[in-house]
Amino acid sequence: METDTTDQSKDDILICLPGERLCRVEDNVVLGEGTYEQGGYIYASKSGIVSIVESEEKYQMVSVNKPGFHLTIPATGDVVTARVLVTTPKFAKCAIFCVRNVLLESSYRGLLRKEDVRETEKDRVDIYKSFKPGDIILARVINQMEQSFMLSTAESELGVVIAYASDARKNRIPMVPIGWGEMQCPQTTIKEPRKVAKVLPESTIKSEP
Amino acid sequence: MAYVALSEAEKTFILHGVEEDFRCDGRSRRDYRPMELETGLVSNASGSARLRLANTDILVGVKTEIDVPNPLTPEFGKLEFFVDCSANATPEFEGRGGSDLAQELILSLQKAYESSLAFDYRTLCLIPGQQCWKLYIDILILECGGNLHDAVSLAAKAALYNTKLPRVTATLLDAGVTDLIISDNPYDCTRVGIDAVPLLVTVCKIGDYCLVDPSAEEEVCSTVSMVVAVSMRNNTGRCGGYKMLRPFITKFLSTAYLSGTHMTGGGSMHRETMLNCIQLGLSIGEQLNSLLVKMLKAEEQRVGPKRPKTVGFLK
Amino acid sequence: MLRVAPIKNTLLDGATITEQLYTTPKDCEDFFESLEKPTEVKATPRSTFIRAGVLTTVLGSAYMEYGNTKVLAIVAPPRELMRSSARRMNMGVLNCYVNFAAFASGELETVPEREKHLGGMLTKALEPLVCRNEFLNFQLDVRVLILDDDGCLLSTAINCCGVALVECGISTYDIITASTACIYKNLVFVNPSAKVEELLGQHRGADSAQMEEHGLLMNASMDTFEQLAQCQQCGYMKPETFVKLLDYTLEINKSLRQLIRRVLTDRVKEQHVLDKKEQEAERQEDERLAGIIARLKEQGLHEFIQSNIKEDPYTKK
């Protein structure tokens, strides 16, 4: 096996390349990102720096962190930022452009169904009273369909973050939330219905649904 | 390849069958499915063949045309392949769905026939540097039941064997211009030499074993397969060192040569596995070739130049 | 490969310029005679230059020079499948597209055909490399631009794409390396130049009584598990010649692998240093922002924002 090339540079970091054997599979070792298992051993599947994280209950997570650009794809459970493109009575089509705090290279298609707008009284939701095309929303990925990701805003922290009033033509000033279901334009004082997100610092959002 | 949906249990069943050397249809790993071969059924083509390999159904027609040879190879004729994956083979082929597969088949055949040692392009020459035959080999896939590479190459070889080129005589006119006179007699014709025409053998790797002639279900289970083009050549030259891989000596003392190989299926294999695959492909190709030639000759003797009238050739 | 159009450029004074090196079989022979023939087979790669991340606009890019062959590869982030019918098994779909730059090849007629062929073979070679199970319902597009063609195109493109994939952060099972070897008139050429490859395509099998092997072998291997990702042979050869050429290419692949590993390791180090600098800059920026926020809090803006948002009565408590 080629172990000679895993250099120890001066920062005491362990660099590995795809196909390099990292360690043996054991009960208390968990495969992290950038690794795969083959024949009882853990191998790297990305180039980067090996990190072994001791997590609770004596588990060790072995992962490879690629410095520089990190490829991100929305995964089930991720909070994403999306722009509403089209609204229909049944669903809103969105373009996902940000996953967690990572800006994506290219946008992915998202679909927000009427049933997933809020948690309760799902049957009384009207898409057009919740979103307008152009709104920027926070949503959670609940599933990956063949052509697009299914999104949900059924949490008080999720929903419209930035929206503009429908008739604001020249001076685009974002509306200010004035309640959980309404936003107001500070210039024209026009009020519009929206599913408003209660924006909180990132640290307080649960990482898993 | 045409896609068949299989559950994990079905895949495991096939895998175990392969391990036991007893496949779902009772074959061993080195057996082919029963084949039906007919030649000369298309009246508008110079040569044709229909091959049915269990569920795979192929119809090949050979058309001829007079063309100008390539200046670099003045004494060579030309060959062109066309594969049509029609939508009735599998619904998946509808629209442009079959074009990738057709492209792959065309490329495999082109590669295999590329060498002048594999196909004697000289037999297609009329007047060196001026006129030659160009053969269009049109392959129509009627039904897709796995192992298309093999079936297509077998059918193409049979169709070439069946191809009859009208006898052409040239007369020299004034100013060095030659004129071609094509014989009116439909039985006055020349044949295409098929002795060295290659056959493609797909060696499919399922689990740890290699097998030939995979069915559509087996193709789904396989991670990787190797397409080996085997060309048999009479040992007239100065090559005698080839003993290691040849399992037995055939009657004609002909030797198997590789005229194009590639891997397909999205997997990888070890060097030794690949060499085993090639060895298996060569020995199978050798048997297949001698059988095919034997059957073609037998059919010709039995049927003769005139075909009896049949109704409904697809049966 | 090479197909000569029977057109010659006619100058005004009636003289002609032949563009091709050879137009008749005799010229072919003459050209071969004039060619420098290898006295012994040295299974070493040509002088090679590889650089990962050459383009700033695309995240996964690599440039490779293999002797005079110059290739640029680009990997785009995975995107949604266009055709749902393309979804088969539980695997992502890999698409490779090869393009020749207009000046890459003297031959223009066969370019579209070669592009298609190379794209297909490249896809086949890269499929075993990429962890396609990580890209369910996605397709990964790999684009290759050929700037200069001097033989070994497919193997160079595979090497270059391998580096670009790793650079893009696409999970791969291993590092892939590929090389080419060919046999013509009983002479083995490793890393054949475009001229040799063209001659090979023109092989006419002098006189059929004399059996003459000719052919080309391209082999892409992944050494961790000693797997061959693709092995393509064309021409006409004996099985033992096949094995001989295969072993030459495997040896070249080994040395290329060392080179690619070095390039990738250096790249990781380089990026690691950049990352550290960026982190430092970010930390300073955070400190600055924290200061601003602290000031704003004193002014009571925080209370203003909080007071504006009431609880959503439809949210379960």
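A, B and C are the chain letters, set down in written order, and residue numbers restart from 1 in every chain.
Everything that follows uses one rule, which is that a residue touches a chain if its C-beta (ideal position, glycine included) is under 8 Å from a C-beta of that chain, and two chains touch if they have at least 3 such contacts.
From a predicted model like this one, the values you see are computed outputs, not experimental measurements.
Novice: Would you kindly say which chain has the C-alpha centre located farthest from the C-alpha centre of subunit B?
Specialist: The chain lying farthest from subunit B is A.
Novice: Averaging the CA atoms per chain, pick out the one whose centre lands closest to the mean of every protein CA shown.
Specialist: C
Novice: Starting from the mean Cα coordinates of subunit B and subunit C, work out the distance between those two points in Å.
Specialist: 32
Novice: So the centre of each chain is just the mean of its C-alpha atoms; given that, what is the distance between subunit A and subunit B in Å?
Specialist: Whole-Å distance between the two chain centres: 52.
Novice: What are the residues of subunit A that contact at least two other chains?
Specialist: none
Novice: Among the residues of subunit C, which ones contact at least 2 other chains?
Specialist: Those would be 222, 225.
Novice: Using the touch rule from the top, collect the residues of subunit A that touch subunit C in their complex.
Specialist: 1-2, 5, 7, 9, 11, 13, 15, 17-21, 34, 36, 38, 43, 45-49, 66-71, 73, 104-106, 108-109, 118-121, 144-148, 155-156, 176-181, 196, 198
Novice: Any idea which subunit C residues touch subunit A in the complex?
Specialist: Against subunit A, the touching part of subunit C is residues 53, 59-60, 76-81, 84, 87, 131, 135-138, 166-175, 222-225, 261, 264-265, 267-269, 271-272, 274-275, 308-316.
Novice: In the complex, go through subunit B and note every residue touching subunit C.
Specialist: Spelled out, the residues of subunit B in touch with subunit C are 3, 70-74, 76, 92, 97, 100, 103-104, 107, 111, 114-118, 120, 122, 220, 224, 226, 231, 233, 236-239, 241-242, 244-245, 255-264, 266-271, 274-275, 278-279, 282.
Novice: Please give the residue numbers of subunit C that touch subunit B in the complex, ascending.
Specialist: The contact residues of subunit C facing subunit B are 2-4, 6, 22-25, 28, 85, 88-89, 91, 116-117, 120-121, 124, 127-128, 132, 201-205, 208-212, 214-215, 222, 225-240, 242-243, 246, 250.
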